[in-house]
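Presented sequentially are two complexes of subunit A, the first with subunit B as partner and the second with subunit C.
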Partner chain A sequence: MTLPQTVTAGSAFSVPTSGSGPAVLYIVGPDQALRRDVQLGNPVSIAAGDLYNAGEYLAIIVAGSSSSSGELEVTPAPHPDTLSFLATPSRVPVGLHNGINGAVYVFDAYHNLIVTPMPVSFELSGSSGPSQARTITTSHGVAWTEIDSASKQGSAKFIAQAGGIATTRVIDEVPGDPCGLTISAQPDGAKLRVQTALVRDCSGNPIPDGTIVTFTENYNGAQTTADVPIKKDIAQIDMPAYSGATISVASGVVAGNEIRWGGGR
Partner chain B sequence: MKGILLAVVLFIATIGLLVIGTLSPIPTAVYYAGGKSLTRASSTPQDAVENLAVQIRQRSFGDAYGSLANRAEFTEPEFVQDLTGNTLSLRTFATLEDFETQPLHESADDAEMLLKLHWSTVVGPYETTRDLHVVRNGDRWAVDWPLVKAPHVPPQVIPVNYLRWDVIYSGAGDDWGAQDVQAPRIRIVDMRPVNRAEGVVVMGELLNEDIVPAFVGVRATLLSKSGSPIASEGAFDMISHTLLPKQVTPFLIRFPNVDLSQVGSIRMGPISVLVSASADPVVEIENQKYNLDPEASLTGQLSNQSGQTVNIAHVLSTFYDKNGQLVWVAGQYVDRALPPQTPVDFSVQVPEDLAKQISSERTIVATYSSGNSL
Partner chain C sequence: MSLRILAAGCVLLFATGALADQPSVQVQPPDLQGSRPLEKQTAAAVVRDYLESWQKFRAALDQNQAALLDPDFVGTARTKLASAIGEQAKLGIHTHYQDESHKLQIVFYSPDGLSIQMIDNVEYDQQVLDRDRVLATQHVKTRYVVVMTPAEVRWKVRVFEATPE
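Presenting the complex of A and B:
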């Protein structure tokens, strides 16, 4: 039996044999085993797609009480078929240096990791601003990179491409913490309507609706508080109207301004 | 021989106890055997109040209502609603575990009594106190029940259009590496361990830094000076588990029977999971006042700004000293439901030994509404 040293995963090949009479050929490897009845002296044909898991295989040919064996390496196909693209996080604050990570695992048509070095291009393109692109060569089948998030919010397309195969992920670039949080107040019947100005981050992106803004009113040793979600870029609440009360605002760990209610102002 | 003697003694003792139990049973045994009730003649103000409390404990609301002196002033359903709540709330499923009575004043024809009712619920006990006026009617005494009428919310339409978040996760059939939604980013912004008589308490504050709602929890592990774990506990209900974007919750984790001197370090494990949630309801916490007397407590009112009744409200307060350092975290479930636009009182107790250190506080409310899984 004369075995080829290497075979590409999924490809057809033949194994020449010598001698005469019937025999059985076993090929055993990672997660796969083949058995073929052969006539010694004739080559054994292994059809395309029969041997597809990459790795080291042991071939044994048994004829009666005698046997011989050899080793065979099945290598991944050179052309990528699938890219497993891990892009994290799915949401990232805007303007974050190296805030987005992308890792690509390159597989052939039989899900074998292609370990030969191969260029992988990464491109991040948002709804505004220039796209960011770079090419990384795989090492042991993996290529990874870090990219800055854009300064404007929106959905960004993160595309990885290798050997004509492309995979896309969507990264939500979201506003950061509120910046310059300010409130104003005006009488509303017996109550005081307190509302924020448009709530934006330091890059001018509107803070998403549903973000909590905390209002606190202090008057004569008593306190009134409310956690209010932003709606249409502002948060507002009706609070008790006490002349001389101080009202402050905060969101998360960001504090805003404080106002003093003077009765009619 | 000794065995026969012991058997004879046990037989005679059993017969004797049966005779005593039959001729002079304790009231509880009579009640559970289907005999007369546990109440006795209301020949004193104390008896009248105790009888009423026993009937409430037995949930014999009809008998309790029938015994009241002022029952003409309200109906039996109103009386029952006063005790169990007019909508689903902690009161609905509360059990009266115990009660205390205390005479305040007594004359020939009337008396003032204090009735403390100790209720138990699935989230722990709570106590209600009623000042009762008891009046003499012939040779019997009867209670004037101080009915607290449930506030009536007038029929109206309250538009609510706050945001709601829904989540679609990746499916089981998706390939490895397929895109999924990230867990929300959360951060512990304050943490402090303190030594108490009952053990170590780890408390702090947790912030949802993300733009999506989070279901959060905190677990702490106490490590000895050699690095081996001593104990690991979670915050359980001493945290607001659903955090909207940029919302902050306090947390408190108890380690009974552990002394802080044994602890070398603490490993904190905050967890967050993306959940569907609603930004409604908004609950305003009005007139918060920190009181040193008679008991150190934070009192105030919860005002539900939405149009939906909040069935269970859990008030969580963080207390700070004058330097802004965390002193204590306390919580209290509100036994009544929060009707729309109607203030409901709450009171959060503070340990007496910490009371004088407290300079400011911050309070949030975790809510649950029936019929709304979010």
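Presenting the complex of A and C:
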């Protein structure tokens, strides 16, 4: 039996044999096991698609009580068929340096990891601004990258491409933390109407409705706190109008300004 | 189970059973792609779980019991191994694998922490049997590319592929 040293996954090949009489050929590896009845002296044909899992195989010809064997290596097909593309996070604040990452494992049509180095292109394109693109060569079948999120909110397409196969993930780029959070107050009878200015992130994206803004009033050693969701870009609340009270505002980890009622701003 | 771990010239013994039939294991320092730092505990867990997966792999292919793969293999790796076990059973053969040595190196930790890739330069004996009759025995020296992903309580093998050295 003369075995080819290597065989490409899924390709046809033949194994020349010597001798005469009936025998059985086994090709056995961790991922596949085949058996073919053979006539010694004739080559054994393995059809395309019969041996398709990459790996090390032991080929054995058994004729009666005797057998002979050899190693056979099956390598992945060279052309990508599937990209396993892990892109995270699915939701990311705008303007974040290296905020989006992607890793691609490249597989052939038989789900063998293609370990031969090959270029993988990554492209992130959003609803506004220029797209970001780069090409990374795989190492051991994997390529990865990190990309900044855009400065404007919206859905971005994150595309990985190798050998004509493309896979897309959608990344939701959302506003970052509020920036320059400020409040003002107007008297309304016995109360104060406290209201934020338009709440935006540092890139000017409106902070989504429902984001909580916390108002805190301190007066005479007592503290009153109210959590208010943003509605139509602002948050507002009525608070007791104590002369000399201080009122401050915050949202998440971001602190805004503080005003003193009755003593000026 | 016992594992002889050779790391940086040290021999670490994991005393969990008899030493006989246990492979020698050398863990090389990671040669890491990816921006995510790899904690020592994570690396140790990955190596431990991978070596345990070899035990299940050996038992499953020897006994033609695909269910033995379940604790350690998922996805493509499990599908392919289970398929081979089904084919072996159909042909009336089974395979005894005995790993002699592993030289392991972690080469990729994905930024999201959801996959780790490792290279295993492994030596093992493969013995194919037709019931009790040994059809052939071969000593194999090859390189496995392994991708592991975290499950509930352990890392599982998702890609398990012998590649050209």
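Keep in mind that, in the parts below, the second predicted complex is superposed on the first by the 257 of 265 C-alpha atoms of A that agree within 3 Å, B and C clash if a C-alpha of one lies under 4 Å from a C-alpha of the other, contacts with A are read in each partner's own complex, and residues count from 1 in each chain.
Heads up, the rule we're going with is that a residue touches a chain if its C-beta (ideal position, glycine included) is under 8 Å from a C-beta of that chain, and two chains touch if they have at least 3 such contacts.
All values derive from a computational prediction rather than experimental measurement.
Judged by the touch definition given at the top, the superposed model places A:Y105 against both subunit B and subunit C.
Of the two partner chains placed by superposition, only subunit B is touched by A:D209; subunit C is not. When the two structures are aligned on the shared chain, A:L86 is found in touch with subunit B and with subunit C. Of the two partner chains placed around the shared chain by superposition, neither subunit B nor subunit C is touched by A:Q195. In the superposed model, A:N257 lies in contact with neither subunit B nor subunit C. In the superposition on chain A, contact is made by A:A222 with subunit B only, not with subunit C. Subunit A uses residues 86, 88-89, 105 to touch subunit B in one structure and subunit C in the other.
Interface residues of subunit C, counted against subunit A in their complex, comprise 33-35, 57, 61, 76, 79-81, 83-84, 87-88, 91, 93, 95, 97, 107-108, 110-112, 114-115, 117, 119, 126, 128, 130, 135-136, 138, 140, 142, 145, 147, 159-164. Taken in their complex, subunit A has these residues touching subunit C: 6, 26, 28-35, 53-56, 58, 60, 62, 67-69, 71, 73, 75-76, 86, 88-89, 98, 101, 103, 105, 107, 111-113, 115, 139-142, 144, 146.
Interface residues of subunit B facing subunit A in the complex, by the touch rule stated above, are 161-163, 165, 175-177, 179-182, 185, 189, 207-213, 244-248, 279, 282-289, 300, 305, 361-364. By the touch criterion given at the top, residues 82, 84-91, 105, 169-170, 174-175, 177-178, 207-214, 221-229, 231, 237, 239-240, 251-253 of subunit A touch subunit B in their complex.
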